[in-house]
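Quick heads-up: structures coming right below.
Next, two complexes with subunit A in common: one pairs it with subunit B, the other with subunit C.
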Partner chain A sequence: MAFLEYLSDPSTQRELISQTLDHIYLTAVPVAIAVVLGLGLGILAHRSPQLRSPILSVVSTLLTIPSLALFAIMIPIIGIGAGPAIVALTLYALLPIVRNTVSGLFSVDNAVIESAKGMGMSATKRLWKIELPNAWPVMLAGIRVATLLTVGIAAIAALVGGPGLGQEIFTGIRRIPASGSLESLLGGTLFIILLAVLFDLLYLAIGRVTIPRGIRE
Partner chain B sequence: MSDVTNSDTTSHLGEAAEPGETMIELQELTKRFPGQEAPAVDRLSLKIPKGEIVVFVGPSGCGKTTSLKMINRIIEPSSGHIIIDNEDVTTIDPNQLRRRIGYVIQQIGLFPHMRIGDNVATVPNLLGWDKERTRERVDELLDVVGLDPRTYRERFPRELSGGQRQRVGVARALAADPPVLLMDEPFGAIDPITRNRLQNEFLRLQGELQKTIAFVTHDIDEAIKMGDRIAILQEGAKLAQFATPEEILTNPANEFVQDFVGTGATLKRLKLTRVREVELTDDALTGREDEDRETLRRRLAESDWTAMLLLDREERPIRWLRTPDLRQQQRPLTEAGLPARAIVEPQATLSDALEEMLLGSAGVAIVTDGRGRFQGLLDVDDIILAIQTMRDTEAEFYRAAKLSDPDDEVSA
Partner chain C sequence: MSSTLTPPDAQEVARRTQARDEDAALGRRARRARIVHYLGMPLFLLAVLLALYLWVQGQELDSIEARTITLGTLLSQTRQHITLTLYSTVVVLLLAVPLGIFATRPGTRRFAPAIIGLGNAGQAIPSLGLLALLYYLFRTQPALPSTGTFPVVVGLVAYSFLPILRNTMVGLEQVDRFVLEAGKGMGMSQRRVLRRIELPLAVPVILAGVRTALVLNVGTAALAFLFGGGGLGQTIFSGFQLRRNVVLVTGAVLVAVLALLVDYLAGLIEEKLTPKGL
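Presenting the complex of A and B:
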């Protein structure tokens, strides 16, 4: 069981844990930026019928660019390292967030909005007190998808010198067929999967806390 | 206003025939939607007297809802003016305006993420009331609409039935005690039995609150039941007739109104008279559940009644008892005889009472007050008598009205 030996080696453990922390950073930062941008763009797209289709087409197109190419494009612009990776990952994370923000806001019952309006709530108050809380479950689902997507794509950031578990995977790939190469590849992958599961559980908890009880499934 | 219009045929007509102060006035109100040639509402002018329910009724697409929604400017009018309580509100801040107008819509639109108490507190919160005052008001209103605050305050809308949600909708609209209420098919999405009950409760409430209400429905029966006045609208919100329910039934202004009102006008008139307006049999023989069987039996034997109505300690009717039921000893009195069916409240219409009698296979309806306490009996003969009187007085009334004053509102 070469893989178990690989995992029980203290230096490997240190390496994997440090890469996992980098990977969390590489996921959390782009997602956080994408949440801020994405909610803004989503609210804008919901409000303005003129801007809706341009915004949605741009963020959809971004996701169709192969990740390898997008990372490569970033090198001449920003250089190598975590910077270009964060920019590229932010762009990828936008689509699910923007799209779910828009559809979440559209899913709020018209009667609910009309009655809020009829009681004299201003547009801003309606957005914060009525529309966003009711759209939140759908929006949160978008943020969750964006996070899982980012965890996966972040591995490729290692190609542009980015940190994270991608380094372990590419170390393995480069050394094939040398001994230990398969273990590195599997080790990196396993930790990415574990990280994805952890993020998923985190979102479950966030949902529990933040989704108002009256609309929880 | 001539003397004739003041003559009191039924109290319902008497109240409505003399409009008091105007609360809402629509002046040449017009709405054109972009891309539509004909205006949805074309120069509608109408006065709604203070404390009355005016029902906008008409076929779908006649512009009744658009007209209503222009009053709180959910739909902004293209031209014309809205005057509320002598103030032109056509151009004031719509949010300020709306906080003074209660708004109830068919789909209710409770905020699903908020508890019932917070839903009701919406407008008080917008107006910046302090917590204590808001809380008291919320509890008071839930009580008013018949929902126990302790049970319902902390619940969420989805935990309530359709009828209960509609009650909350009404409570929410009344929260800041607005003088004006707009109701857009408020009982439209509710099953017929609950609807009837909610209508009656609402009328009782209105008797106390005396709000000025604009009410939209497509159902002429509902219009007749709820309205002090009815505005029958044709396409483009053209006013086909604006009059009391009595006059619309007796004296439709044109063929459109006649068609819309439909057949069965006599039966519909049963909906105009309320149980409280007819004389009840109030000397009915009653007994209380805590009385002795033998006392009850003797009282029944000495009367000319064949059955006695058993009341509980709160004076609520529970059973009909005959002599044999009082003789037997095996079953407790509360299970003997027949259950007291066909119970109506004073604000129910004669039509409701008749229906209850038919449903309960009873020849008599039991009338109770708001708390369920026994008030009297109403039997089929009383209803027939009421129909006859109604017809006679109405015929006389309109004959007189036409002779004395052709320009009077009644024939306008």
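Presenting the complex of A and C:
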């Protein structure tokens, strides 16, 4: 009941809406940058056997570094605010995207590539017309995982001055066990979960629209 | 007579010498790769720690900074951090691995997709929110202990439980059905199939779970200071609140080094314990 009162309070609503918008920004921007970088790194790792293991081990090492530490290390370099969080979250989002780009490209049937060669397609054309479209379902799954990861980790940015729904949770933490703290904890957490669900539905829709009918399961 | 034999002999010797040199070069390269594989990460982490030490030593520390980053404080926070990581990892493995085995038996297998789906959905729960909600529960229920490592360990276990359960189940499902059928065909009982075939084949999966749990927990334990559990996250946070970058960076580098070291050691254990045939 107290939670419903909390949600119906206009000032809470304003707060939660603006934090949700910040949280979307804090997720969408890093994922978008990571998609561009990850696509490039993934294609590179697929093409060059020498670079494959260095690229994959560096991006997986990045994900091993605890988020609070990576957010904090960015502060002396970039300053306080959304900046350090965006850079750190971009680095985290790379691993699922790079890994799935590589395995997606490797999963493309060799016979398909050979017939594209036989049709006289150049290497660049093969990549864009044949390999990437065939690898796309696996790549999209990687982008989806990266997004869910980012939505959750972005909450921690609030501890070191970042924006987003983590602020509401952090407000609640500082007031435990006073009355009203539970509402803030629940509000922040549930809105983050809700955001994750909405992103998931968005990816379902993107998959429907962008996966060629011929390779749909 | 000997003169006619000399030229091919010389060639043969030259060829053999070259082959031996190539073998040696190959051996050297393999040895170098092995050295990089085993010593690369520890040497890198040692270099990072040394650089951090020299950098902090070179700074003119004010009284607040000098009070926050003492060796005693950092060591006790490191000890707390490691304790939290180990406790929560042991507990989560004891809970999630047996449950994962149980949930993939023929009788219960129909629930497996639902549990794996739940595991995927669980990724959406933010660690900060989950830890905070559990801590709130501990603080407001008089019957539960509200201080010390216990509430934090419960939070860490709750956060890493679903990923470990999910990984164990996916790993066990991957065990080749034909191998199981072969076992059954040899007249093995179901329990024997589990013990003699499935579990040995699932060892890599379980070891990967140990590594995942350790890495997840060492990262989440950086939040323990918020809930009275201490750990190195405290130094990061103090540095941020006091606007002292020396403190902030010291805490952040130590947390990162600890996590990378834990991952490296877990990787070594994984490598050593995985059966050779796999």
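Couple of notes before you dig in:
Just so we're on the same page, the second predicted complex is superposed on the first by the 217 of 217 C-alpha atoms of A that agree within 3 Å, B and C clash if a C-alpha of one lies under 4 Å from a C-alpha of the other, contacts with A are read in each partner's own complex, and residues count from 1 in each chain.
Going forward, contacts are C-beta pairs under 8 Å (C-beta built on N, C-alpha and C of every residue); 3 or more make two chains touch, one makes a residue touch a chain.
Every value quoted in this text rests on a predicted model; they were computed, and no experiment measured them.
Applying the stated clash criterion after superposition on subunit A shows that subunit B and subunit C can sit side by side. Of the two partner chains, subunit B is the only one touched by A:N134; subunit C is not. Touch criterion met: A:G214 reaches subunit B, while subunit C stays clear of it. Contact with subunit C, but none with subunit B, is seen for A:I75 once the two complexes are overlaid on the shared chain.
When the two structures are aligned on the shared chain, A:A196 is found in touch with subunit C, with no touch to subunit B.
In the superposition on chain A, contact of A:L148 is made with subunit C only, not with subunit B. Once chain A of one complex is fitted onto chain A of the other, the partner contacts of A:D109 are limited to subunit B, with no touch recorded for subunit C.
Note on subunit A: of its two partners subunit C and subunit B, the one contacting more of its residues is C. By the touch criterion defined above, A:G162 lies against neither subunit B nor subunit C after alignment on the C-alpha atoms of chain A.
Between subunit B and subunit C, the minimal CA-CA distance in the chain A superposition rounds to 14 Å.
Within the complex formed with subunit C, the subunit A residues making contact are 61, 64-70, 72-73, 75-76, 145, 148-149, 151-153, 155-156, 158-161, 166, 169-170, 172-173, 176-177, 181-182, 185-186, 188-189, 192-193, 196-197, 200. Contact residues on subunit B toward subunit A in their complex (touch as defined above): 72, 74, 94-99, 101, 103, 105-115, 122-123, 126, 156-158, 169, 172, 182.
Here subunit A touches subunit B in the complex through residues 109-122, 125, 130, 133-134, 212-215, going by the rule given at the top. Within the complex formed with subunit A, the residues of subunit C that make contact are 123-130, 132-133, 135-136, 139-140, 215, 218-220, 222-223, 226-227, 233, 236-237, 239-240, 245, 248-249, 251-253, 255-256, 259-260, 263.
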